[in-house]
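Paired with chain B in one complex and with chain C in the other, chain A is shared by the two complexes that follow.
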Partner chain A sequence: MIYEEMTKQIREAAKRLLKEGAVDVILAYRGGGLNEMQVPFFVKKPEDAELIEWGDRCYQNLAPYVHGLNKKVGILAKPCDVRAIVQYITEFQIERDKVTIIGVDCIGMVDENGNARPGCSECRVHKPPVYDEYIRDERAANLPAIEPKAGETTLEENLERFQKEIDKCILCYSCRQACYGCYCKTCFIERDMPDWQPAEIDTGTKITFHMGRAMHLAGRCVDCGACEAACQSGVNVRYIIREVTKFIEDAYGYSAGMDAEEPPALLTNKFDDKEFGFLGGERHE
Partner chain B sequence: MKGASSMKENEKKTPNKDWDPVIVAFLCTWCSYSGADLAGTSRLQYPPNIRIIRVPCSGRINPLYIIKALTEGADGVMVSGCHPGDCHYLAGNLFARRRFVVLKKLLETCGLNPDRVQFTWVSASEGGRFAEVIKEVTANVKKIGPNRIVPGFAEDCKEASAE
Partner chain C sequence: MSEAAIKLTKGELEKMLAALMRDRTVFAPGSTGAKLEYLPVDDVSDIVFGDELPYKSPKDVFFPRCEKIVTFSENGAEAELPETQTVLFGARPCDLEALDMLKTILTQGKFKDPFFAARYENALIIGLACAEKKPGCFCDQRETDLDYSEKCDLFLRADGDKFEVLYVSDKGKKALGAHIPGLEQFKNTPREFRPAETLSLDAAEDDLFTKIDWEEITETCQSCGICTYVCPTCHCFMFKDVEEDDKAYRYRNWDSCMFPKFTLHASGHNPRAAKRERYRQRVAHKYVYIKENFGMTACTGCGRCIRSCPAGMSIKTVVEGIREELQ
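Right, the complex of A and B next:
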């Protein structure tokens, strides 16, 4: 099987890296989780590398473990995880030479019923854009990149959709906890100076939270789908972040996590940036 | 925040012919605020709908301020800073510009009328332009209608799409 072949290659690479001393620890997956799911696994000794397992249930994003880890780490990373790590590098959260990326081609992860995970069904990047070690999967070569549709809906339809989604939200903030990009020590929604949020679950707070978070993830979202998967109320506000990120890609030519040298779109500027929607400026489209 | 919540009270009333928009204007202290000053000292007429908040730089304006103003019931938000190249802090307005463009897109994606939020540049010597801008912004917001984003969230863009 292809997954077994890939698992073998990953184990070899992990063993080699640990033996050489190139890394102190490798973040990977092992079997044995609930419903046959692969779970995160920290490999510290070369002999433990034999337990690493790769398959179609490795959906947990390992990148957040790397954040703030002051060690030389190797990480087994799907394309979306690689993009998250690259974002950490461009945002000065980790140093490039401290992480060794074992990039794996990915054809999409499935849940216990064999359905595609949120994010995987609309994935745009099937090959790791940056890597130190590379594990191939021929099946990933011809997969289409599914682009977000934009500009096809009216304002009213947008509002209806947004309202329907946030009506379900109970403001538990699991989506934020799951997201690689939400690494703030204190999230704006929990700050009391200024007090963004009244201590109640109302539409205003939901709008503030979801739009605020969308603004913070704009141009940084790597489409991993973790926020949608984490929500127990079935809320999908990821589509907003995805559309805005797509807009940034068109307007400023920046794709999240594709290039470790490029500064994120909103952390930089150009003198002749277009002024879409400004008074007297141009309009988009 | 106190003032903001009383704004919410006002906006719960059904809109009638006397409805007058409340527009929160964030002005950078170096250019646009001085421009507003000049408009005042030159005795130029402009609609009294704006409530000015003075900030050090347009780059200081967190997009959350704008979202918060809208969810608290402001009918419109206007942001103005120094023209590109004239920023007192060199590039604050250039960073802000990208943020505002993205915020407009975000409003649109969420189904809120992006024209409620207006961005522009006014320099310290452009008192006349300041008055013109305020007239334009007020006219635009009047066209969209009162803010019902929070209490009657769904009704918000009815007027806009009916145009």
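Right, the complex of A and C next:
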């Protein structure tokens, strides 16, 4: 019932924005996926807004579609999608006035068995931090704050778990493609000067890729879970990225995508910034 | 059933597989802890029976994700053909259909792939019927009978806690006759499969290029390429040469037409730079080009790309849309 009411409000907002000409296209969801999944949907005409659906199966992070789309765009955005958009703005990838954010409260997505989706079970942000239009969900106000599990294990334990996870990896790079933050035109792993990826696809290659990706997401990951959701091999490398995220939070008090005015932690330098050596150890003089 | 019906208990089947493990590498559905896939198993208790379809096709048994194919040294170039004798157990009719297509494409066309051919020759393929279609499966529309296949050496159907033999090839009789009593006298009863409707394309390439709005079809595609990795018939690959010590090696790895760099020329020109062009290539390759070259549609309706797509795209819906558009 709540989702139906929210869907109605979203459709109205979308229709209005398209009619006013405030946007050329609205990124939203509609039904029709397998197992009642709500799939991404590009709304271009006001009458198509009637097809928009909002519910607990809107898995996809829609932010990556905004990147490189040279249009005035509206986006139906869960808090994690909003954070990704905000991060794009702070990283000078899109301009704030080119995007209209229909922020929506989110209590988390579930799969066909009712289990929380990757990213949703440990989500800390249930309300969109930035928005132009706002769709409320009363239930989002009363959710307990969950502290992310990170920084609890030793380096050795992490390494062991990491190796177990990447054993499953077939190095198809779907995680990278699904990630809002992986927008490099050429990924470091595909560069050949230097050649980061040896020909043989072994554990070392996989470590290089996943570690490299985690480092490049330092202080940028918005914990949307898209990487894990895209992975068909069931590899969970998000926990290692969370370790990096926690490190940045502890060191610089910065959470990605919460404030469009705040420059990202690793894009600024202050004189009193803490300095760390490789892997967070003593600074190497 | 005729008197010649052969039914194996699960114990007898496991005993046979265990015996085969002594001098062959057995690939069978097994769990990685997260997903079901075809894995090399050395203990029958690791095999997962049941009707679940592994998320990825068994094509990598014959066409590995990464393979060292040539060694270069001062004595010249040397290619080593794979010699390992293998068994693939539990391949479904859609996968068997696909493996047969790969065999045609890779060994009977203009160019021959000796590595695939050797692996296929060295393998004993045991197929297994599906009890039912899974969400996303459209094998019937792709002319694949989920209950029967002759594109293997032995075909079984789970019947309660037993496995009934439905088909055996000459190779299967020779290799498995000692393990299954009565197999050598078994007479195959060929079956014909008549699907109610068939999903295929009779489109001209020009029409596909000019009359279809690929931009709209692919606007939600993320170019992640997982569809090509899980697909049983996708077989594009790339080479990479590396130098180590005083030798050099040539590796063959899977590639994917969904990746922007797939067709990037050394000049910097890219004929398929946009995802609409890449996706068009994938659909056209499966439903048009291979049909022109080999007379078959290289999609078996296994539904893996549909189940795997994070954006919920479906090749079935896309092809249906094209048919409607071009009629």
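In this text, the second predicted complex is superposed on the first by the 273 of 285 C-alpha atoms of A that agree within 3 Å, B and C clash if a C-alpha of one lies under 4 Å from a C-alpha of the other, contacts with A are read in each partner's own complex, and residues count from 1 in each chain.
By our rule, contacts are C-beta pairs under 8 Å (C-beta built on N, C-alpha and C of every residue); 3 or more make two chains touch, one makes a residue touch a chain.
What you see is a predicted model, and the numbers here were worked out from it, not measured in a lab.
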In the overlaid three-chain picture, which partner chain does A:F92 touch, first (chain B) or second (chain C), both, or neither? neither
Quick check for you: in the superposed arrangement, does A:T203 touch first (chain B), second (chain C), both or neither? first
Which partner reaches more residues of chain A (counting touched residues only), chain B or chain C: B
Of the two partner chains, chain B (first) and chain C (second), which one does A:L266 touch, if any: first, second, both, or neither? first
For A:C172, using the defined touch cut-off, is the partner it touches chain B, chain C, both, or neither? Pick first, second, both or neither. second
If we overlay the two complexes on their shared chain A, which of chain B and chain C does A:F188 touch? Say first, second, both or neither. first
Listed in rising order, chain A residues that touch chain C in their complex are 32-35, 37, 39-42, 59-60, 64-65, 167-168, 170-174, 177-178, 186, 190, 198-201, 226, 229-230, 232-236
Which stretch or stretches of chain A touch chain B in the complex? 154-163, 188, 194-196, 202-205, 207-208, 210-212, 214-215, 218-219, 240, 243-244, 247-248, 251-252, 265-266, 269-271, 273-281, 284
Quick check on the complex: what are the chain B residues that touch chain A? 1, 63-64, 67-68, 71-72, 84-85, 91, 94-95, 97-114, 118-121, 133, 136-137, 149-150, 153-154, 156-158, 160-161
Residues of chain C defined as touching chain A within the complex: 32-35, 37, 55-56, 65-66, 68, 135-136, 216, 219-220, 222-226, 229-230, 240-242, 249, 251, 253, 256, 259, 261, 306-308, 310-313
